[in-house]
Every structure is written in C-alpha cells, then in structure tokens.
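One structure, pasted below without further comment.
So that you can tell them apart, the chains are marked A, B, C and D in the order they are listed, and the count of residues begins at 1 in each.
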Amino acid sequence: MSQKVHPYIPNMVPEVQAEMLKVIGAESIMELYSCIPDELKLKEEMNIPPALTEYELRRHIEGILNKNTSTKEYVNFLGAGCWQHFIPAVCDEVNQRSEFLTAYAGEPYEDHGRFQALFEYQSLVAELVDMDVVNVPTFDWGQAASTSVRMAARITGRKKILLANTVAPERSKIIINYGTPELQFEFVEFNTETGAMDLTDLQAKLTEDVAAVYFENPSYLGFIEVQGPEISKLVKENDSLLVVGVDPISLGVIAPPSQYGADIVCGDLQPLGMHMNFSGGQAGFIATRDEVEFVQEYPSRLFGIVPTVKEGEYGFGDVFYDRTSFALREKGKESVGTQTALWGITAGVYLALLGPEGMQEVGQTIMQNSQYAAQQLSQIEGVKGSRLHSPFFKEFIVDFNQTGLTVKEINEKLLEKKIFGGKDLSEEFHEFGQSALFCVTEVHTKEDIDHLIQSIKEILTK
Amino acid sequence: WNEPIVFELHQPGEKGVELPPVNEQIVSAVGDGVSVIPDTMKRNEKPNLPEIGQARILRHYVRLSQETLGSDFNVEIGQGTCTMKYIPKINELLIRDPKMMELHPLQDEGTVQGMLEIFHNLDLCMREISGMDYFSFQPSSGTQALFTMASIVRKYHETRGEGDQRDEIITTIFSHPSQAATAAVKGYKIITLHPDENGFPDIEKLKAAVSERTAGFVVANPEDTGIFNPKIKEFTDIVHEAGGLCFYDQANANGLLGITRAKEAGFDMCFFNLHKTFAAPHMCGGPATGALGVIAELRDYLPAPIVEHQDGKYSLQYDLKHSIGKVRSFHGVAQTVLRSYAWIRALGPDGLKEVAKIAVLNNNYMYHKVLAIRGASAPYVKGHRLEQVRYSWEQMANETGVTTEDVTRRMTDFGLHYWTSHHPYIVPQPFTLEPTESYSKEDLDEYIHALEQISKEAYENPEIVKTAPHNSTIHKMDEQDFLDDPEKWCITWRSYLKKAKTEC
Amino acid sequence: WNEPIVFELHQPGEKGVELPPVNEQIVSAVGDGVSVIPDTMKRNEKPNLPEIGQARILRHYVRLSQETLGSDFNVEIGQGTCTMKYIPKINELLIRDPKMMELHPLQDEGTVQGMLEIFHNLDLCMREISGMDYFSFQPSSGTQALFTMASIVRKYHETRGEGDQRDEIITTIFSHPSQAATAAVKGYKIITLHPDENGFPDIEKLKAAVSERTAGFVVANPEDTGIFNPKIKEFTDIVHEAGGLCFYDQANANGLLGITRAKEAGFDMCFFNLHKTFAAPHMCGGPATGALGVIAELRDYLPAPIVEHQDGKYSLQYDLKHSIGKVRSFHGVAQTVLRSYAWIRALGPDGLKEVAKIAVLNNNYMYHKVLAIRGASAPYVKGHRLEQVRYSWEQMANETGVTTEDVTRRMTDFGLHYWTSHHPYIVPQPFTLEPTESYSKEDLDEYIHALEQISKEAYENPEIVKTAPHNSTIHKMDEQDFLDDPEKWCITWRSYLKKAKTEC
Amino acid sequence: MSQKVHPYIPNMVPEVQAEMLKVIGAESIMELYSCIPDELKLKEEMNIPPALTEYELRRHIEGILNKNTSTKEYVNFLGAGCWQHFIPAVCDEVNQRSEFLTAYAGEPYEDHGRFQALFEYQSLVAELVDMDVVNVPTFDWGQAASTSVRMAARITGRKKILLANTVAPERSKIIINYGTPELQFEFVEFNTETGAMDLTDLQAKLTEDVAAVYFENPSYLGFIEVQGPEISKLVKENDSLLVVGVDPISLGVIAPPSQYGADIVCGDLQPLGMHMNFSGGQAGFIATRDEVEFVQEYPSRLFGIVPTVKEGEYGFGDVFYDRTSFALREKGKESVGTQTALWGITAGVYLALLGPEGMQEVGQTIMQNSQYAAQQLSQIEGVKGSRLHSPFFKEFIVDFNQTGLTVKEINEKLLEKKIFGGKDLSEEFHEFGQSALFCVTEVHTKEDIDHLIQSIKEILTK
C-alpha cells in the first residue's frame, strides 16, 4: 500500500513532515525512535487486515451487527442488573452532543458546563435518595457497592462485611474481589419463601468486627426487603454501618434507604436514561450524609459549588481533592480515574425530565405491569408467577418446576416466538430449582405480556 | 449564557416528558400496584426534583454543552497523558445502531453473534499489537485494568502458595498514580522507584528493591515524562528472576503501535486505554475500557467471561479455573469495543504504525518549539522523548511569579485546554503536552503560539496572566476554602441551600 | 472562535475522507473509465477545492454551529411570523431511521407502504384541522405552496375557458410578500388592499376591487399584524360571487388549531407551513413543506402524485385529470411530513387546541407587557390580537434616534433574536413578536426584560444601543456598500480573492 | 381526558395561566378569541386520535416505518433524479447539530456561523462549477432550472425557451408550470442512438425570440452530451443564453458547463452528502458569472462577505437585497422564502471533505462501476447493457426488448431477489420500448453488480 495520507492523520503529508523534521534536526521519523533498542523493535508486520475506507467500514460493521437480534425486534423479559426502560429522546440528544462526548478533564473555566452538569446530577440524585452527598459516578453498581463497604470499613476501623445472601451473585464476585484480602466477607441467610433477610442469622453474625451490613432493595431477586427499619436497628446497635444498594427507578414509590437508617446508599444509574448497550450503560453511584468522616472516605471526585469574583455567578470545583489517589497515590482513598461521567450527566437529564410526578408514576406503572405479568403467569397450570410471597418491584421469580421442562428448554422455545425469556436462576440459586427471573417494566404493553403468557401456554401444551 | 442551576428552573406543574401509561385493563386486574408495599417502606413524599418543561430542559443542557470544551472544538494537546485524539464521527454513528444499543447482555448467544464477533475480532487485533495471547474488555478504565492486573498477581501467587509471602509491588514515580493506588487496594505494599538524574528508571534501584517478597512490577513505558526506558527488558528479567510478575501500563502506547510490544519487552500482562490510544471518546470521563491482555499462562486468571470462537460460532467462556471473579458487571463497555475495532479497521496495520510515527514526530516538533519559549524547560535527558513531554515553567515562575496554574487559566482565554499534570509535582511548575497524530503542524503552531504569548505576557505584564480568565464562561473563582472546609463545601444543591443560602 | 474561511485551512496533501475504492477486477474489465469522455468535455484541472484533514473540517463546522443561535438555545420569540416553536427531539430521532433516510422515491409501492401510510395519515389529520378534502405535501415551503395555489387558480379558470379573462389576484398588504410575488410569477396582476384605520382588511375596498377579471383572492388571517379579520366569510363570499377562488395563507395558523378552519371561512384552498405551525425545524431555512389542502372540487388540479388508501393498501395516484403537473420533484420533503405527523400524534386533538390557546394567551400577555415599555406601541386596533403582534418603536426612534435596526443588534448581546419584520415597512420602526405555545411565562418575562432594558438604554445612553453588538461573535459590520456595489460585493471566496484581496 | 400539562406546552399550568390572564385583564383564554365570530368557531371535535406519550409514539411510528424496505436492505439501482451515494458521517454530524437544525432567519451577528457556512457553500460549489456566483440553494433541480430560464428571459427580454427533449420529464413539468403563461416552451429533438441533441433541429428552432436553450449534462438518460461547444456556439450566435443542468458529482471528471460556454448552470445538490429520504434530500443550485445583469436577476438570497470594524474579521450579509420579493413583493424577482439552506451547508461540508482529489476520484469510480455493470449486462443474451452508444455517467439505459419480458415483470422478479431494478422508461420514452434506467455509483460493490447480473440471468432463463 502506498502511503496515502489518512484523513485521521494530517501530518502524513510528506512536505509537512520534511519541514518538521528540519526543525527537529532529524533525518527521519525512525531516527526519533533511536531510544528503543533494536531487539525490542517489532520486525514482522502485524496480522491485521488492511485499512477500510469509511463506506467499506460501515458496510463491514453493519454487516456484523446485523447478525444480532435486538430487544427492539424481540420482546425482552431479561433484567438481572441491566434493564430495559423508556429513554427520553432528550437524554440521547444531550449525551450525543459533540461537546460532552469529546470533553475530558478540562478546568472549571473552559469546562464550566461539564462541571455544572455533573454537580446538577449529584444534586438530583441526592433528592431521589434523600441524602446530601453524591459522587461523580463510578463504573457500576458492583463497584459502587465495593467502595461503599470499603468506606464503611475505613470509617469504623473494622474489617468484616456481612452480605445478604440475595445479593446478585455476579455483584458479590466484584465486591469480594475488590475487598480482599483486606476485608472478610460473610453471607447472611434468607427466607426462601419471602426472600427476606434472616434476622436471627444476622444477629448471630453481627459481631464487633463487623464494619457493615450490605443488602439490596429491591433485591436482585426482585422482592422488596420490608425489614429495613428492623435491620437498621440491629446494625446500629452494633455500631456497624448499614449499606443499601438500590435500583433508583424504584425510589418514586419505595422509601429511600436513608429513610430507614442506611448510612451509605449505592446503586446503578443505568435505568435512568441509559440504553442497555450490551451492558455498556452501567454506572454506579454512592450517596451519604454530609459528614466529614463520610466525605473524606470517598475515592471519587465530588464537585462542589463555589462563588466567583462576580456576584451571583457560580463556579464549580473538586471538593477535598487531597483525599484522592490523584493527589496521594497509594495513600489516597482507593483510586480514581476515568469512570462514567457521561452517564451521570444523562441520569441528571432523565431526573430533570421526569420530575417528582414522573418518578412516582414510572415506579407505580412498573409495579402494576409486573404484578399483572406475575398474576397471569400464575394462572398457567404448573407455573408459579411469583415464587416468593413478598411484594416485588420490576422483577420476580417464575417457578417452572412443575412443568417438567427446564428453564433452558422454555427459553429456547420462547426464542422461536421472538421472546427473550427471563434469566435462568437454576445455577445461581439451586434452592429454586427450575426458576427464572423475569423483568417487566413500563415499556411492556399489555399485548407484550399477553404474548408471553400465550406463548408459554403453547409451549407447555405441546 | 449565564445558565441557572437546574433547580432554579422549577415551575410547579410543568412537565419534561410523559411516561408510557399503564393499561386500564391492567389497573382493573391488579389495582394501584403500590398498596402492597408496607407503610414503613413506602415513599411518602415525592422526591424534591424540579418540574420543568421539555424545551427548557433541553435549552439548559445544550447551553451547558456549549460551555464545555470538547476535543472536537479545540487543539486538544494540553491534556498530556490523556492521548486526546480525533474521534471519528463514523464510529459514533455505528454505535447508535439499535442492533448495538438495544442488546441485553444476557441474551441467548445465538442472538448476539455479531457483538461477540466484534469482541473477538478486537481481541485478535490487540494480540497483534501487544504480543499478548488473550484479552478481556471487562475492565472499564485504565484504573480498573490496573486493579485487575493487581488482582491477577495476587491470585497467581496465591495459587502457587506464595500469596502471603509476596506482598510488595514495585512501581516508578513517573507512572500513573493509579498503579500504586490500585495495587494498594489489593493489599500490596508499594515500593516506588525514583529516576536517575536523566529521568530514566534506575535499574540499580530496582535490583535493590526486588526480593522474595516481590509480587509484581508495574510500570508505564514511556513514562509520563515521555521518556522510554531502553533497558526495560532487563527490568522485567530482574523481576522474573525474583519470582514476580511484570505488568505494563500502556496508557502511553500511542507512539509505540507497530513499533514495539509488551511481549518482546518481557511483560506478562498489559492494558491499553481504548478511550485514549484507540480513539474512543472520553465522554467527560467515561464510560471507558482498559483492554487487558495476558500471556497464555495467565488466561485462566482473567475475569469471566471471555469470548471464544470455534467452528464459526462465538461463545462466552465462563469456565476459567483461577478466575479472579469479576471486576465489572457483564461484558464491559461494548460501545468502546466497537469504536476501537472500527478505528483499527479504518487504519489497518500500516495506518496504526503511522499513528505512532506521527505522534512521535508531532511531539518532537512541539518539544523543540516549546524549549525555545522563554521560561520553559523539559527536565531530565535532552531528547529521547516519544509521544509526550512533561515540561516545567520553573524558570518563568522564579522570574515572574507566574505559575503553571496561572497559565492554565490564561489558556482558556485562547479557547484551549492546558493541564498542569498529575500529582506528585516532582517536576516543578509542570505541564504535560501530548500532541498525538491528530493535529496538523498548523494546529501545533497555534498552540505553541498561545504559550509564547503567555510567556511574553508573564515577562511583560504578569497581571494579565495572574488574573485570568478574562474571556471565559465564568470569572475567576473565589479563592476561599469553599472546597475544603466542611462548613462551606456544598456537594449538592440541597446542601448549598442549607449552608450557603442561609448566610445571605 | 474567530474561525477562518474554509479555504484558508487548505494544506496541500491533507484529506478529509476516503472514498470507497474501485474494485481491481472492475478496473481490469473497463480500464480507467474516463477515457471515453471526449477531450473537449473532460475536466482538465481539478476543482480548486481546499484539502483539509477530517478533524479540522469537523472542528470548523462545529465551531460555526456554535456561532449560530438555534431555537434550541434561546427564547425564540423575536422572529415573528415564523412561529418558532419547540422542536421535539423524539421526532429528530425518528427521521434518522434508515427505514426513512434510505428510501428511494421510486421504489416499488409495496416496499414503501409505511412511508405512504404516514403521508396518508397526515393528510387525514390535516383535513380535520382545515376542513379541506385532499392534501398534497409536494410544495416544499410556504412560498411554493402559494405558487402552487396560484397555478391551480390559473388552471381552474383555463379549464373553464376563463383563463385569459381572469387575470387579477387580490391580496392585502399585511399578508406575506410571497402571496403577491408568487401570483405575479404565475402571470397575474396584483391588487393589494390596504387596511382600514383599525388595521382590518377593508371590505369596501374588496368590493371595489372584484370584477369579472378576478381570478382569486389570497390572504392570511390573522395577518402579520396578528389581527383576525372577523368578516372573512363575507370576503370569501364576495370573491366567490365574482367568480374567483379563495385561497388561504395559513402561515399564521398557530392560534387557530381546533378553533376555526379554512372550510367554514369559505376558502377553496389553504396551506400550512409544517416547519412552523407543525413543529418541523427551520434548518437555517429549509428544506420545508407547505402542506396544501383543497376542496374536493379541486382535487384533480393538484400536482401529482397524491397518496390514496384502499383496502388496506396505500398507493400513489398519478392520474389527476387537470393536474398542474409538478412543483417539486417526487413526493416532497418526507422528513417534515413524518415530523409533523409525529407532532400531531403527540398532542392529539385536545393538545392541538391547547397549542392554539396558549399561543394566544402568551401573545396577549406579551402584548400587554410590551405596550407598557417606553417608546413602544402597537398600531391599529387595541386588543384583538391572536398569536402575534406587529409593534412599532416609532416613538422611541423619534425621541432618542434609536431605530429598530439598532435594537436588533443590541438584542444579540442578550443572546436573543429580534427581527424587524418583512418589508414593506407600513408600520414604522416595526418589530414582530410571536411567542407561540412553547415558552413559559418566565421565558416571556426574560425577553420582555431585555426589551425594557434596551428602551431604558435608548433613553439614557443611546450610544450603547447604536454601537451594538458589543458581545457577539463578530463586531459591527463596516457600513459601506459591500453588499450593494457590484465592484465590491463578493458572493464567493474566489470572487473575494479577485476583488477585495487585490486592494490590500 | 383531563388537562394534563403537556411537556411541549409549559403554560398549561393553571396557576400560571391565571396569573397571566390577570395581567391581560381577561377572565379566560376563550375571551381572547372574541374577535372570531361564533359561526366560524369549530363546534365538533377534530377526528384525530388521542395523544400518545413519547414511548407510545416511538413504537407507533417505528411500527409503521418497519413496513418499509430500504436501500440498506435491498441493493438499489434506481436513480433518475435521486441517487444513492456515499455520505460521510461528518455531513450527518454537522447537519444534525441542534444549532443548525433549529436556526432560521437570524441576523449576521447571532447567526454568524450560519451565514459563514452558507457563504462557504456558495464558494465551494463555485469552484466545482467554475463560476463566480452561486445562490443559497432552492428547492430542487427543477426549481433551479425553472428560475434559470426565467432569469435568462429577463436578461434577454425574450420569451421562448428551448428544452432538450431528453430533459427529465418530471423536471420539464416543473419548468413548464413555473414558466407559463409568461414563457413559451419548445422541445429540441435528439438522436435516439446517442441521445445527443439534434443540431439541425436546434438551428431551425433558434429563432430570435429564444431566450435560452436548456439541456442537461450528464442527461437524465445518463449519456454525456458531448456537443457542448457546438451547442454553445449556435446559441451565442443567436444572442440567446445557454443554461445547462448538471449532476455536480460528475464535475470532477466532466468539464463544468461554464468551460464550454454555459451562461447559467444549475443542478441538484442531493448527491453531495444528502440521504435520499424518499426525495427529501433534493436541493437546487444556480451559478452564474459575477455580472450585474445576472446577479440582479437572482430571486434567491446571495450571501456576501463584509469586513467588520475590527481588522481582519469577516461578517456576512445579503447581497443586493432590494431585488428580492421580500423587499419588493410582486415587483421583486420571482419569490423567495424558506428553501433548502441546510442542504447547502451539508453540500459545503461534503465538498470540503472530498477536496479536489476526492471529487475526481468519485467521478472516476462511478464511471468505472457503471461501465462494468453495462458491460456485464450486455453479455446477457437479449439484454443490451447500454442502449445508447455515447459515453455515460452513472446512469444508462438497459434495453430488455429482446427478452420478451416487460420491465415491470423483470423488476417484480428482481424484488424477490432483494434488488430494486432500474426505473421503467416505457412510459416516458416510448422510443426505447421496454427499457429501464439503471443507476450505478461508487457505493455499488462488484458483488452487488454481479448479484444483479446473476439475478437477471436467472429471471431470463426461467
């Protein structure tokens, strides 16, 4: 291939290169690499296909993507940590703006808009969770929970973390890998009929080395943990901290954990305006009270508001920057770096769009739709719409044990009917046998749900 | 614009968007849906969010966007170490394909063959670029990749029964602070090597540092100074002999593509920032991807799942014997994976090499020009810089009192970014420039000219620089301790209403 | 930004994009492809276009975009008569669907059923809104719709053998200038009625004007003054009695949706600007659509094809007996059709009526506030304004020397648009405000406050206003005759290089 | 339906309305309508379906659009005035920017960017056509041609226009409707073997009342009119003006008409970066020399460059505004209004991206690809790849008369093979019998073309 000038690399123009090399005083670009020993230099060509022009690239990529079947084509009942919700077009417009898309670590002046948008996101989520401090978002719920329990350990000076056994298994893996070897983890049993935490077991395990108890509400299995106040009481009596993970889209109808005693709240922003993107839409948030002992333990950036020399004008900056690993390296609080700022901004847009009424409404619609789905499923012989007896939000366990079919078989047949069935729980939760976690949100129409019901009926009567 | 805080736009009764309504028949069947929640767990007051019409919200955010200086808008050289490069618009179109945006990560593998193919294809490309044998795209930033590598180091030694004994990780002071920080999170003691007088990592210090307690060695090369350590293979040999693993922070790889690789330098693992070197956008700070590559021996330690390809079928392999578990939910940030794959395919192997060469050319041109500016210098060895340089205004600060922070603010008046650099400020009055391959000579000259102008001002009329910005979105912020005094900091609007407003 | 002209970015050798390459086997089969062109018809020198890298071109245009004040960014009230309203973002997402963008207009009807359905559905909605019986979306602006109506008038009279006899079209001075202009293009003599002292169209003048030469009567109602002619039905009756057709410019329909219709007022045809009243964006001035509705009797005069629906199948009907032919290629601007259909469906019948009511409420609120500003007035009848008002700064100009043009420039310092109005300036020192339904009371107050401030300045310190803008993208333009002297005007860069640059 | 506040109409809030009505001094909004007589007020409800929320709307519209089959799914060989070309992503990014999308008629200050972008578009097209004046674009090629001949009539003071008989029939309809009754039109014959204009017929019709001769190059039928200089000579000898319509994407390889004597050049910008959009991408341009007698006859806006009070800074404004209908109503030059400004800006972006090399390259590739297609078609028995003998650009007539099948039948069968066949010419050009106009551009791969060939072979052998 002759060296055509690539559209992405303007200085491939030979005349320009010559001029620049003259300034540098070098004969060739390779001369600038003299610091790299020859034996380290790559001799062979990289085995990567030759360059494609823009149009060829587009056909190539679109050709590959066309092998996918998306949730726009099939009706989707998968959730389990990544959820399909209504996304207002304004969210996409804002996060696709060239300015936000390509900005990075600018200063408070030339990036004033970015700082303000993130400060507003913090403020909006703060209202939702009813707490005074919220961080610039981290990677995902798993990371947020990991950091939350580490913060709790630093605050209490203790090393043991109790996890509800109903915490999402993949999330526990993240938490445990992130916490070890410094922290020890222990699981608290749950009631297999309601999902609720076993308070006797909790009490037994609440020893004086327990830094924090972590559970999720609504839980991974969809049920609402209604013992919030009771758990909180036990935890506080032990001078431990209560860390609760939430799905923020539930907070228009379910009490925010701060209201039943949580010290640290965390969760995932993905439901608030992010497309699923094969899991590229996750973003974790952490919220606490505005107390120094909490604020100083955040590893994340926290943007604060500052007056400028002009009256009535606001600027924004990093609060207490010197706690971070940017400032202190290994002595800082954990580490900080590129996380998921754009999703923070987007979640802010989402909350501003929905407002108080919208958040209440979306929560209620989700509960109604999912209850309807569970109710209808229960009317199918051999199927139990909701395996657990407790109230649930958005997700619920569907018990297929009496159908004689495995979840895998049912899901394969649902696929033929253009349905993505719920997540197979048979590996993660043996106690439920052949059960699946179904997710129903505000995007499901009655027709979608009825189509599922009808399809399962057909599958079972074959 | 002097755009208010979003809460100030509140007008009770206005509405930003309408939600899909609940079906009436569903209401008949299940009622209001929320009565099942026990009173103690019900939300009693609606969240105190603002109520604003759609047009006003949009106006608010698009105005804020215009007050943000993305790399599409300026000669983005001043954020050294961040490898700000051209973000091809075609890639942004491609990731908006519903066949990408609307995929659930748990869909049946048969329905996401295209997505898995893209993961696998990128894996193959990254193998060629690095010499590693397997890649995971789960880590969602450089920091998380570093943490993942530290986790693998620990798991590796634990598997071999040396978990407790090997409790030290060695790094260098000019590597990114996250190297030390993430290893510390994973419970390691950190040994930090300082450079020799020329700015090279000091091999004698390394020899003194390694022992049977050495778990690993993590380093960037070139470091944030832009200086490449030519003895890197000797370094990794020393660590290997001591029984440690070597892992490579390739955040500064932009000058190296197709030139030199992790494998030949003796590394066991490495990672690349897809959002830097591989042209995924920074998005105000993520989401991102730290693509993590390991040698075959370490495959089974990777976080699960990884994508495999057999008989024309792509699948997710969850069964990795020594897997550290997971570091991020599901599969990572699929959009950046797609973007970087598209970027690599748009360049081909020759183009990738040109990226490296022009990045180095641009940087050396810049280096020669900046050194000619009054008051500027580049500490350590003369020359030998690859894709970036950490400079110093020490002389200017001594002679005029104008600091590198002043220059930061003044640069915004020119519509340009300028970043001082990471802590720690070993180089006094530092600034770090990384011109990448994306900028033309004319662009570089524009940036250099702004620096020259500011230097001139500093020597002739320093007040202009010290009181900057003069022409930015906002005025200079009040320099009291609004950000460091717990009584004054306000991390949310509700907090501001409680603290600051009451004072008025 | 002080962004150069695109030609100034030229760097020989740089490239903005690569084209799909020709296949080597095709080259073997047909050769270079261009040798078949005879020498006299070959292009010998490449066009003198600039060569620029992709990132720089993008930077250029996104910077220019930021120097453009779209309605997304400001309280867009000042472009009266243009009905600047909120452009819903959801509609912009919908039109980017490849199932819309990538359709060829001549595809087999079976493959564009969805598109035809949307055309037909919008037709049905427009019938309800106007009372007309058939719609064509071929006209691609209000002006083209007016021209089309004038063409139908001519064809109609020609068909009836009165083509030569009826050669006059009557309009009013406060209707849009295009009404007169397009009818003149179609060969008509124009009779322009001036209003009575209250600003109402004068029925006596109409009676005096009609005759056997009357081909048609075209009018806006309300006119650009915002005054609704309550006798409109008498007007159309008079014209019909004289044998003329009545056609209605509904550019000012925003206050009328669901309130009153063309049919009941006796019109034979009307058009709506989809890019105004129906929330398709203005796009810097098109592409747009003037949706043209006619009564059943005039169906066969429409430009072909129109969409029909029968037995669940949509088809294109080309066979219209008296069709004037075509006014625009193929089917018109399908995107605006989709946008407007989506907008109507987002509002429903009740929402459309709310649009009208709130537009009128907003305008009357504004009217009361503006009249309270020193130096401002609204000529003609007091009250009786619907969705807009043409105001006057006559008093202020007399008292301070500050003209409406000065105010235009000063408003840009507040980040707002302000338009004087169309010619002719019957109302002295005019300005026309149309707040539409999209703006909140707070938005209106912001705009009013800016006008108040300028009035204050005019009376206290008129120089501030006269020398504006002070804070805009560019400074005040040189007031010489660079735009009207053929020796000085430069309509292209090449022309500028020939004329202006040689002077330097 | 209770009056919920609509997201698009903030002042539906009752409290706000009350406050505003108080300022106005009215009791109700309907009172403000007192100027409309009751008998004109609409009594019944409009029969329009009730409002949809954003998500419902999206599902509704996408559901309808999914009934379409696009040229991304099928291989398309239709052209005939709307063409499928490669569109650089940067074009879409720029024309989807919120600022350009929602701007309108702002002044040179706050809309400086819009003015500059349109001035640049004028300047870039000027280089392509090699003329000094280009207008802000009008609706489409048909309108541009219509106005061009009207301009010619005003300049010459004559009333007759000669049109090549090969002008696109739909375009002639636009031109004739726009020109009548003031102008008279006559058609000039063409050679059915080459498409070329019949010079004898031209000479015969070139009477002293002829204002202009208009032909297209490349023509609607794809052939290149190679007699440019000869036609020009005859026209000039008659003191008439020569108006030529062009497909601008051909101008990297074919001489611009100004170089063989055209006085006015017009054409469609759609090939330069506009998606087909079911014909929503059309935009007409007009170009002339920089002579007062031409410039004063433009009805369109023309943006000119003006220095500001600050040295080295440019501003932009309307050149010679007083000729327009905005200024002069019926005394102005035709009429002006909203046209297709955004496509002008986009065409500018396209030309800036391609540059001189790109324009040459795209023209050449189109010629090679289309010649290959014609060559391969000719090798099918009974099919003549190019009915005309002259060189062609992008489009060419395929003659199916010997196959025994009509174009309609062939196209229906091609549809089954996911191909949109060429435009059926049997109604517009009886002289060619069962022939179709095929369009092949740079976006067609060899595989696409071979798929067409193979499909036609299969259809014919069945």
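Here is the rule we use: a contact is a pair of C-beta atoms (placed from the backbone, for glycine too) under 8 Å apart; a residue touches a chain by one contact, two chains touch by 3 or more.
Chain by chain, the UniProt names read as follows: A, D = Glycine dehydrogenase; B, C = glycine dehydrogenase (aminomethyl-transferring).
Please read these numbers as outputs of a predicted model, since none were measured by experiment.
A.B. asks: Name whichever of A-C, A-B or C-D reuses the B-D interface, so over half of the contact pairs are the same residue numbers.
C.D. replies: Comparing residue numbers across A-C, A-B or C-D, the repeat of B-D turns out to be A-C.
A.B. asks: Could you let me know which interface, A-C or C-D, is made of more C-beta pairs in contact?
C.D. replies: Of C-D and A-C, more C-beta pairs in contact link C-D.
A.B. asks: What whole-Å value do you get for the distance between chain A (Glycine dehydrogenase) and chain D (Glycine dehydrogenase) if each is reduced to the mean of its CA atoms?
C.D. replies: 47
A.B. asks: Taking each chain's centre as the mean position of its Cα atoms, how many Å separate chain C from chain D (Glycine dehydrogenase)?
C.D. replies: Roughly 19 Å, centre to centre.
A.B. asks: Please report how many Å separate the Cα centroid of chain A (Glycine dehydrogenase) from that of chain C, as a whole number.
C.D. replies: One centre to the other, that is 46 Å.
A.B. asks: On chain D (Glycine dehydrogenase), where are the residues touching two or more other chains?
C.D. replies: Expected reply: 6, 8-10, 12, 16, 54-55, 62, 72, 86, 88-90, 93, 97-98, 442-443, 445.
A.B. asks: In chain B, which residues are in touch with two or more of the other chains?
C.D. replies: 11, 14-17, 19-21, 53-56, 58, 62-63, 66, 72-73, 86, 88-90, 92-93, 415, 438-440, 443
A.B. asks: Quick check on the complex: what are the chain D (Glycine dehydrogenase) residues that touch chain B?
C.D. replies: On the chain D (Glycine dehydrogenase) side, the touching residues are 4-10, 12-16, 53-56, 88-90, 92-93, 98.
A.B. asks: Flag every residue of chain B that touches chain D (Glycine dehydrogenase) in the complex, lowest number first.
C.D. replies: Per the stated touch rule, the residues are 11-21, 53-56, 62, 88-90, 92-93.
A.B. asks: What residues of chain C sit close enough to touch chain B in their complex?
C.D. replies: These residues of chain C touch chain B: 1, 11, 14, 53-56, 58-59, 62-63, 66, 72-74, 86, 88-89, 415, 438-443.
A.B. asks: Using the touch rule from the top, collect the residues of chain A (Glycine dehydrogenase) that touch chain D (Glycine dehydrogenase) in their complex.
C.D. replies: Those residues of chain A (Glycine dehydrogenase) that touch chain D (Glycine dehydrogenase) are 54-55, 59, 62, 72, 86, 88-89, 93, 97-98, 442-443, 445.
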